[in-house]
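Next, two complexes with chain A in common: one pairs it with chain B, the other with chain C.
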Partner chain A sequence: MKAAAFEHACPASVADAIALLAGEADARVLAGGQSLGPMLNLRLSHPRLLVQVNRLQELTGVAADADAVTIGACVTHAAIADGLTPDIGGGVLARVADGIAYRAIRNRGTIGGNLCHADPAADWATALTALDATMLLQGPDGARSLRACDFIQGAFRTALLPGEIMLAVRVPQLPADARWAYEKACRKPGDFAHAMAFVLLCGGRRRAVIGALGARPLLLEDDDVSLAGATHSLRALSGLDEVQRRMQLVVLSRALAKAQA
Partner chain B sequence: MSRITLMVNGESVTAEVAPRTHLADFLREARLLTGTHLGCEHGVCGACTLLIDRAPARSCIAFAVACDGADVCTIEGLADDPVIVRLRAAFTAEHALQCGYCTPGMLVTARDIVQRLPDADEGRIRVELAGNLCRCTGYAGIVRAIQRVLADGAPAAQPASAPLPVLPALPTLPPTSAIETPRGPEIVQTLRLALPLADVWRAIRDPYLVAECIPGARVIEVVDDRLRGEVRASLGPIETLFSGEGRISFDDAAQRAEIVGDGRDGRTGTRLSARGVVRLKALDAATTGATVTIDYTLRGPLAQFARGAVVQEFAAAIASDFAARLEARLTGKSLPEQRHLPAGALVLRAVWRRLRALLGFG
Partner chain C sequence: MQGSASGEGIGRSVPRLEDDRYLRGKGEFIADIRLAGMRDLAFVRSPVAHARIRAIRKPPGAEAAVFVAQDLVGVQPIVAVSGLPGFKPSAQPVLATGKVRHVGEAIAVCVAPSRAEAEDFAAAVDVEFDELPPVVDMRAALTSEIRLHDHWDNNVFLETFVEVAPERFAQPAPIVVRRRLRTARQCMSPLEGRGVVATWDRRVEQLLVYSSTQMPHIVRTGLAGCLGLDQARIRVVAPDVGGGFGYKGILLPEEVCAAYLACRLGHPVRWIEDRREQLTGNANCREHDYDITLHAEADGTLIGIDAEAVVDAGAYSAYPFSACLEAAQVASILPGPYAMQAYRCRTFSAATNKPPILPYRGVARSGVCFALEVALDAVARHAGLEPHEVRLRNLVPAAAMPFENITNKLFDSGDYPECLRRVIAAIDLPGVRRRQAAATGPLRIGFGCSIFCEQAAHGTSVYAGWGIPMVPGFEQAVARMTPDGGLELRVGIQSHGQGLETTLAQVAHEVLGIPLASIRVVHGDTALTPYSTGTWGSRCMVMAGGAVGTACRELAERIARIGAHLLQAPQEAVRVGAGLVSGPGGGVPIAEVARTWYLRPQDLPSDVAGAGLEATAGYKPPRDSGTFSYAAHAAVVSVDTELGDVRILDYAICEDGGTLINPMIVDGQVIGGTAQGIGTALYEEMQYDAAGQPLGSTLADYILPGATEVPEPRILHMQTPSPLTLHGQKGIGEGGAIGPPAAIANAVNDALAPFGVEITELPITPRRILAALLAHSG
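On to the complex of A and B.
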């Protein structure tokens, strides 16, 4: 199908983009367009205005300091997979990026677009919740930052306010003793995941995040990071059937085994 | 219309395009470059893969207007590319095509594999090809053709990608807390209403009243046990308007209501068939519990995104809205502010429908 008619704007700065978004209630931000494009073509989405931001220099850079790596919202998955962004340790960001969809999608899709679209099966929502990243947002009323676990509010739902856009993601450097594993189950490589788990062990702390639940990622910490803990938490989610719960547990057990190996 | 200027196969092209025109349609219809094939038109099949700024990309989900200033190269522009020349010969030798529909996209992806992953083994080649569908060959010949080119020696290394710019200094802000901070996903299918059972049951039996309590729902007419209506719903970028009809039945003795129906979203052609059952139970003299069970089948575009749990979460959000509105309506308070599922977002029409069915017992 072809998208319904829309207007398109390509502002020259983040400030202009925010002004455009503030002036049109039925506007969407267009970054790489790899999720929004299909939804527009299928006419599941039909905004009046698309505000394209993926060429803004302010959103396509990277920075690193002793505590964290900051990645501009419109840096592509391919750039992260290819190591053009600094590593936080263990090549974790490149590993996650390289597993997103297909290369042709990774070449256009952006980390910020992926997070703001908030598809529950998307990789960054789960991985960055586990890595305790913060999202830096800018809106008509100024800037603020939110932890990933607060930013993602549910399936296709985020804490973004009208007129707000994501500037960057700040991912803390991993301690030297950190061990991690990321596993997912897809019917074929690159397809939407049916189950995913990210396990992070460091400094005596344990964290596991289960994604692809159709809702916000499930965060388990310390003593809850076990198959028994996950079984208990997944049972409380009535949206899952027994097969889905089982898949999640199998994927989590693989991630736990890898992280502890 | 918007004016764009871009490079197409090495030639600068300026054109007026409608913003909704995707790059593949622009190339095929305005430039007559029909080597770019269109299959699914939503980024899944890979037939339309070409190069944007030297990297493979889907031209069906890139809008031409968003490629203003870009360097686009189609299969026609690669005719004399040394890697494509070798791949073409290998595709012929290995029977890597039959109908040829996927071939332009396959060649662009194969060229990327050869250039980017000179050490790729069969497994890696298959993973890299996962985004290009071929319904003729079973991929065996395509994989062999790529292996043959790799075995003949890697091409000259590609120039390394330019480093990313350094971000300007960004404000360092301590993270604030979002408005709601539940830890895990909560899906609620049971409602508690601060109303006596008899009042709730009376309300449930009034479809117009029920619809009034569902944001976006509207009853068009009720004739005997048939109900016609529509539900508008949005979730993230999705917006839907389902209209359809259903059959309602009530079991007064068991306080059980059921609606079976189906509806269609005219814009996307998504169809939803659903059955919703509501059972009421007095929890005490002033409180009623309502258990809602919904099953549904979704066919069409929305089915790709409305995976089971997404629908569940959406339904739970609407159900809790419904409970608040019904309570307000029956106790004479003004209706609570419409708590929107993220405005302007994805409307799960299906879900909607489902919800509707839910309430719908009404």
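On to the complex of A and C.
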């Protein structure tokens, strides 16, 4: 299938992009296009206007300070996987990025586009929820920031307001004593995961995030980070059957074992 | 016969001549063709599985760009009959008339300057349906009160029944195992989908159809029938074709539509199938259901097979292979490569509200091999034997060849037990058993094997019995010298990945010794080649290879006659070979013979070689019941019993394709087929929900194996020439796809045996493994 007709704009600045979005209710932001492209072709999405942002320098910068690494929304997965962006410790961001889909997709797909698309099986949503990253957003009414766990609201649903775009992701530096593990189960490498878990242990705090639930990632903290805690939380979710729960628990237990090893 | 002096003949792994253009991106595939004024087609397809069409409303203002069934004046539906008694033919409308019978069925076609604009029109066509309850499951179809085809008395295209010595089943046998087994509905997925470009050629007053097809001549015959045109008014050209596997051996409604519109509209039109159309509406194959019981002696010797099989044939009988081929094949090949005393098999070709089932590489065999070999492993466990031991007790021995089996198949040659022994040695079974015993924790090791034979190049005697619209007879080839000493081979088959531009040239080289660089194979064009049923059934190397060899021998005689004159030697004293006519006193190059005949006829007496240097010959083996190549596959897998993941740790194949024309190309065929067999075993499945909706529409939902899922198999060769064919070759194109589902399923079941769990349904997904383990552990 081929996409329905649309207008295509390449604004010169974030401010211009926001203005374009404000002027057309039926507009979508185009970053790497690795999800939106197929959706357009399958005519699952048919906006009147596409606002392409991935060439904006304001969205492709990276910065690091003592507390956090800030990665522009349009930095590609490949750039992160190749270590071209600062690390928060332990090579965690490169490790997550390297496991996203296939190289061709990583070459074009962006961290911000991935988060704004909010596919429940996406790697960044789960990993950045665990790492307690903050999304820096800019809209017609100014700038604001949201924690990952508040930004992702459900399957393909985020807290982005109409006309708002993501500028960057701010990921806290990992303390030296941090231990982490990321596990996922896929039919084949690069395929959508059917179970995933990110475990982060540091300074006596424990965080575990279960993804690929067909819903927002499930965040477990401290005493809830256990198989019993996860079992309880997964039972409370609708739409999962026994096999899916079992797969999620196995992946979580393997991530826990690796983080504790 | 093997190995010519120059190293380019039969048995040589010469690089493929066609690869230069393929690897450099210089080929011409259907979507590369650009004709002036060409417009794109897009189809309005049924979103529901079963419904009556109450009304179709074209978008206001775009009426001229949209065509429905009534607009296709004089176009007949596609009908593929079978001569088997009781077969009920279906009329597959080119555009739906009255009723739709599967999701994706074409209802209207839209014409526009681009595909996107044609899709805009298609989206604006308004179709009103009266939905009917669908028939989705093939077993339920057999007893359902709902009718797909209103005038039928049930939903069965064909029921077949065969039995030999059934009284043996009444006697109690020491070992009786019964299994219910299922294979998934798959979608054949060549890299390039279907596609057609059609135009009316005013100069020759002929419809010119470029189609991504395996059988241009059969497409022409089928198109002529649907359009009411003389066949001479149609030319079908298959350009470079990016894989077929059976999917391009079918006349599609879209092809008929495009051909009709080209005649009517006066400008070229094209339809390029996209992946969504291929997956949701077109390329269905493989879905079988078996109830199989094996009766055996205590030592594992087979007494017989008692089985019932259902094939989900979908809504229509596809042209030319019909809706019965798959199930009829099941009944005739279920005994596999084994000897037995008794056999009983009933088959049903069930009609359901799904796209028509089409023949896919290893037609029926991958399912049959899975059913028989999984059941045979159960016999081995009962008898306390290793899997290969029970097979060695039952395989037809070499001394019995040629062997007529219980369904009257003539196994032409080979040593089946030796083939199995070699693959077992290659896989190091004792070593596997040691690793298996040492494995603890969630990761378990399993071993499995399968062995099968592959009937190929079966001809008139077999297909006349099935009575489908296409019965292969003599295969023809034209061998023509050019004035500069080159050789053109014209064949009616089509090469779409098999390397036939190389291997057929190798056969010609073997006979004439003309260098490969001077031989061109012309194929895929009804205007340039002799009639042929095309490329299917692993037939080309036997049939087209035999025809090329025969035509070249005829040409060699004519060359000898002219050469003898040039050498001033008696004809019986000269021989043709190595590019020369050689006589007692010296030789003359074949090129010189050609130059003389074409350009210097004054040098020849007028009574020499009036027939010229262009020979057409027909070839058919003396008995055309088919060659039987065979292979044994052995797999070692690991199974993650907590997540259900299966990894292939080792894979070995021993195959016997008779005389190998080009062993490198054979290896490529085996590897490619094995990759597809792994897809059948572990990944590929188009599920349908209760409403008859396909649950996948992209390659993110329909999972194909990729580089990370396909191990490099170790391939061992045996070469037992076929006594039936010109050079001893056997058809071997499909075998790779047949063995893996059985071998891998047996390996998984071997790994799961300690848990008391057996997988009986393909593909073997993590979910199926976990569900089985959970069900067993309660």
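By our rule, the second predicted complex is superposed on the first by the 261 of 261 C-alpha atoms of A that agree within 3 Å, B and C clash if a C-alpha of one lies under 4 Å from a C-alpha of the other, contacts with A are read in each partner's own complex, and residues count from 1 in each chain.
By definition in this document, a residue touches a chain if its C-beta (ideal position, glycine included) is under 8 Å from a C-beta of that chain, and two chains touch if they have at least 3 such contacts.
Note that this is a predicted model, so its numbers are computed, not measured.
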item: Touched partner set for A:D141, first chain B, second chain C, both or neither; value: neither
item: Partner chain in contact with A:D177 - chain B first, chain C second, else both or neither; value: neither
item: First (chain B), second (chain C), both or neither touched by A:E242; value: second
item: Touched partner set for A:D222, first chain B, second chain C, both or neither; value: neither
item: Partner chain(s) touched by A:P189 [first = chain B, second = chain C, both, neither]; value: both
item: Touching partner for A:V250 - first (chain B), second (chain C), both, neither; value: second
item: Comparing the two partners chain B and chain C, which touches a greater set of residues in chain A; value: B
item: Touching partner for A:A3 - first (chain B), second (chain C), both, neither; value: both
item: Residues of chain A that lie at the interface with chain B and also at the interface with chain C; value: 1-5, 38, 42-43, 188-192
item: Touch list for chain B against partner chain A, complex; value: 2, 18-22, 25, 41-44, 46, 49, 52, 55-58, 60-63, 65-66, 68-69, 109, 112, 116, 127-128, 130-132, 161, 163-171, 173-181, 183-189, 235-240, 267-268, 301-302, 304-305, 307-314, 316-317, 341-347
item: Complex contacts: residues of chain A adjacent to chain B; value: 1-8, 10, 25-26, 28, 30, 33-34, 36-47, 50, 52, 54-55, 57-58, 60-63, 70, 72, 75, 78-79, 82, 84-85, 101-105, 107-108, 117-121, 134, 136, 143-147, 149-151, 153-159, 162, 167-168, 188-192, 213-216, 218-219, 233, 236-241, 244
item: Of all residues in chain A, those that touch chain C in their complex; value: 1-5, 38, 42-43, 185, 187-192, 194-195, 242-243, 246-247, 250-251
item: Complex interface listing, chain C residues touching chain A; value: 114-116, 119-120, 123, 274, 276, 642-645, 683, 697-698, 700, 703, 705-706, 708-709, 765-767, 770-771, 774
